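Multiple structures are listed underneath, in structure tokens.
Note that chain A is present in both complexes that follow, paired respectively with chain B and with chain C.
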Partner chain A sequence: MDSALIPEGVKRCPLWKFALGIIIVGVVLLWGVYAMFLCWFKGLNQTNMNDAYGFAIWIWADLAVIALGGGAFFTGFLRYIVGKDELKNIINCTIVIGFICYSSALLILAIDIGQPLRGWFIFWHANVHSMLTEVAFCLSCYFAVLTIEYLPLILENRQTDKIPFFHNLSHNLHEVMAVFAATGAFLSFFHQGSLGGVAGVLFGRPFAFREGVLIWPWTFFLFTWSAAAYGPCFSLLVTRIIEKITKKQLVKQNVIELLAKISGWMIATYIVAKIIDTWYWAAVTAPSNGFTLLDFYSGNALYGIWILVLEIVICGIVPACILITEKGRKNKLAFTTAIILGVVGVSLNRWVMVLQVMAVPVLPFESWNLYYPSWQEVATTVLPVAYGIILIMISYRYLPIFPQEKELNPIES
Partner chain B sequence: MNKEHKDTKTKKFGMVIDLDLCTGCGACMVACMAENNVPFKEDESNKLDSITWMRVYKLTNGKSFPDTDICYIPRPCQHCGGIGDHGHSPCVSVCPATATDYDHETGIVSQIYTRCFGCRYCMAACPYHARYFNWWDPVWPGDMKESLSPNVSPRMRGVVEKCSFCFHRYQQAKDRAYANGRREIEENEYQTACTQACPAGAITFGDLNNPEHQVHKLVNPDPKHCGRPKNPKAFRLLERLQTNPKVYYISSREWVRRAGDNYIKNESKQIA
Partner chain C sequence: MFPFSFEWIWDMSHVVFMGGLWYALSIIGLGLTYCILKAAVDTSQGKGAGHHH
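Here is the complex of A and B:
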């Protein structure tokens, strides 16, 4: 029924199967939308946040999706600026993922603020000293860039491509895409960094605070670095999941391995920097404020030293070792394990830099604050996931996301 | 800045709380709530989402009877001057919409309720938990609405609020002084509600820059070290973070003074 919209030379599942999938995920989406409206109309009392836990699961989700969406800017940077031409075969997928992640991040922010109708104050009454102002400006601008990058992909749909104006527009956009990729990389450097700066500048919170260079704390650079390192892992993981579901190879192995290798080296260098940062923080910064490393990882039911080991060793050193070796990249199980660990690692880092920051007591006569989200918070956090799945399903079905699909899966006539 | 402002001396309003006098009665909390139209819930048992601009903490020395000792620490907003005491308070520097500001004329950290859009970044930045979010719309039972103070605007759901050092009283005092042809106000003309309500006289309020004011005499702030007290019995909460608060505490008990900051085990007692 919708065959006229499906790209030429590729096979898709029957419409009923596709529609059923959309409906199932759509129910989850509606659940999230319901919770979102509850938060908007009844206020943030629908959450389990409190005055000690002003930043909670949403801000973690926000930071995590932005880091995971980092594959878009970094792959664009590698493809258009560095000149890794093979990556043109996966870049469309990273752009769709980036678009989903960034639109989700903006939606989450719109739910998270207490007075959503005043959200524009961040631009109008901007405080140039605030990292959050930098986040808002760069995030909005980069989302606009991602929309421009996504647009030619939409215009390449079989039906829109037939219209000469759209065909030419799409062609011309492709021609100037390097400019947008460079702009995206520049903007991403700043907003990924400023998200790191959000925690790093908190000199009243010794767990988060880091020294740095000029106005930027070290977390500024670590966040950009980690997004560039781990973002491609998420792009590769999503590609793998789509391949599993469709039971097709969609991207050639050499492309996957190239991106994985670059990601591996980025993780390896990042984790060295992270270890140095952690050591300096534990040995110099925290003690100067009267804290030892173990003060941050003891005296509560959740945050033990295991979280540091999990983040740095298991989700940092291990995936780096796998991805930088050819043997590791070629072994399917090891490869899949590495990219999953990478995704967990960067998400865990963002968790620590948001939720653990709130949990650690600063006043000597206060104790740890532990928090669990309300169902409304869970539903609104799941909402972007459902939205992302639906957008990927639609994009995969109707748009030429994977240019090598036709060649790798010829249709027998 | 108009001429009038240039003609007045720069103030640094601050508070000194004598912890040896504080009995923990909570009168300061009640006075603060009444003065500033602070909203409350029907059930106030969950202190993590109730609003207390002034909050009294109870501390013990951890020893068993007969050596047990107790101390109450009233904690308003500390009106931090930030690193170097230049006005970059932990909260002011992070607010993305300039909804909280440092007044260099008075040293008071303000909160602009109509500009705050409720991102709560300032709350994350404040190590004293002195900032509160309005999780609910304020509800005033019965005729209580009629008894609200007309000098302080009630806050709406979704914004952050905090102690203002009763700034409206400063404005009123200035108005009165101007009407009388004076440019400066006297020490007793501007006092916070909690200061006046304290039955033990534990709270003193005034201009830390003015050597004639009691607060200055009590702590003797060192301008070379961002106002760190020269009085060995005085201390500020979390001094090591360099937030440079304008709320000072006095106690003759060493364990109380040490409880005001974090120390690594066996760290030199000299730091305290």
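Here is the complex of A and C:
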């Protein structure tokens, strides 16, 4: 029924199967939308946020999806600025993922501000002393860049491509894409960094506070670095999942391995910087504020030293070691483990820098503030996942997001 | 926020922050406008007509 919309030379599942999948995920999406409207109409009392926890679980999700969506800007940077031409075969997928991640981040922020109708205040009545203003600026602008990068893909659909104006527009957008990609890399560098900067400048919270260069704490650079390092892992993981579900190879192994190798070296260098940062913070910064390392990892039911080991060793050193070696990249199990660990690692880092920061007691008479999200917070955090799955399903079915699919999966006539 | 807004102050923070925003928006806007106009001109010249993959 929808065969006229499906790209030529590729095979897709029957429409009923596709529609069933959309309906199942759509139910989860509607649950999230219901919770979102509750937050908008009844207010943020629908959440378990309180004076100690000004950031809900969705702010962690927000930071995590921004880091995971970093694969789009970094792959764009490698493809258009560095000139890694092979990556043209995976960049469409990273753009779709980036578009989903950033639109999700903006959606989460729209829920978080409680008054979405006043969202434009951040542009018009900007607080120019806040790192979050810079985040809002760059996030919105970069989302515009991602939309522009996603647009040619939509225009390349079999039917829209038949319209001369759309065909020409898509062609022209491709021609100047390097300009947009460079702008995107510039914007991403700053907003990823400023998200880290927000934690690093909290001098009243010794768990987060870091020293740095001029106005930028070290967390500024570590956040940008980690997004560029781990973002491609998420792109590779999503590609792997699509390949598993469709039972097809969609991207050639050399392309996957190239991106994995670059990601591996980025993780390796990042994790060295992260270890130095952690050591300096534990040995110098925190003690100068009257804290020892174990003060941050004891006296509560959740946050033990295990979280630091998991983040740095299991989800940092291990995936780096696997991805920088050819043997590791070629071994399917090791490779998949590495990219999963990478995704968990960066998400865990954002969790620690958002939620553990709020939990750690600051004054001697305070105790740990352990926080449990309400169902509305969980539903609105799951909402972007359902939305992302639906958009990937639609994009994969109707748009040429994997240019090598036709060649790798010839249809027998 | 623009320099004619009542809360505008001519200091480094406003110039860097808002200047950066306008700069980025200008590149995005100009790039997109160029592509749309060129596509319109190309289409009027008959380019892309009858193109089928």
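Just so it is clear, the second predicted complex is superposed on the first by the 412 of 413 C-alpha atoms of A that agree within 3 Å, B and C clash if a C-alpha of one lies under 4 Å from a C-alpha of the other, contacts with A are read in each partner's own complex, and residues count from 1 in each chain.
Methods note: contacts are C-beta pairs under 8 Å (C-beta built on N, C-alpha and C of every residue); 3 or more make two chains touch, one makes a residue touch a chain.
This structure is a prediction, so every number in the text was calculated from the model and none was measured.
Chemist: One more residue to check, A:Ser367. First (chain B), second (chain C), both or neither?
Modeler: So A:Ser367 meets neither chain B nor chain C here.
Chemist: One more residue to check, A:Leu187. First (chain B), second (chain C), both or neither?
Modeler: Only chain C; A:Leu187 stays clear of chain B.
Chemist: For A:Leu169, using the defined touch cut-off, is the partner it touches chain B, chain C, both, or neither? Pick first, second, both or neither.
Modeler: second
Chemist: Quick check for you: in the superposed arrangement, does A:Ser3 touch first (chain B), second (chain C), both or neither?
Modeler: Touch status of A:Ser3: no partner.
Chemist: Per the contact definition in the header, classify A:Val145: touching chain B only (first), chain C only (second), both, or neither.
Modeler: Only chain C; A:Val145 stays clear of chain B.
Chemist: Just chain B (first), just chain C (second), both, or neither: which does A:Asn289 touch?
Modeler: It touches chain B, and chain C stays clear.
Chemist: Tell me which partner A:Ala126 touches in the superposition: chain B (first), chain C (second), both or neither.
Modeler: The answer is both, since A:Ala126 touches chain B and chain C.
Chemist: Comparing chain C with chain B, which touches more residues belonging to chain A?
Modeler: In the superposed model, B touches more residues of chain A.
Chemist: So, does A:Gly54 touch the first partner chain B, the second partner chain C, both, or neither?
Modeler: Only chain B is touched by A:Gly54; chain C is not.
Chemist: Which chain A residues contact chain B in one complex and chain C in the other?
Modeler: Residues 124-126, 129, 133 of chain A touch both chain B and chain C.
Chemist: How about chain C: which of its residues touch chain A in the complex?
Modeler: 1, 5, 7, 13-14, 16-18, 20-21, 24-25, 27-28, 31-32, 34-36, 38-40, 42-43, 46-49, 51-53
Chemist: Over in the complex, which chain A residues touch chain C? Could you list them?
Modeler: Residues of chain A touching chain C: 8, 123-126, 128-129, 133-134, 137-138, 141, 144-145, 148, 158, 161-162, 164-169, 171-173, 175-176, 179-180, 183, 186-187, 190.
Chemist: Write out the stretch or stretches of chain B touching chain A in their complex.
Modeler: For this pair, the touching residues of chain B are 46, 48-49, 51, 57, 59, 73, 83, 88, 90, 93-99, 115-121, 123-129, 131-137, 156-160, 237-238, 240-243, 259-265, 267.
Chemist: In their shared complex, at which residues does chain A touch chain B?
Modeler: 43-45, 49-55, 112-116, 118-119, 121-122, 124-127, 129-133, 136, 198, 201-206, 287-292, 295, 357-358, 362-366, 369
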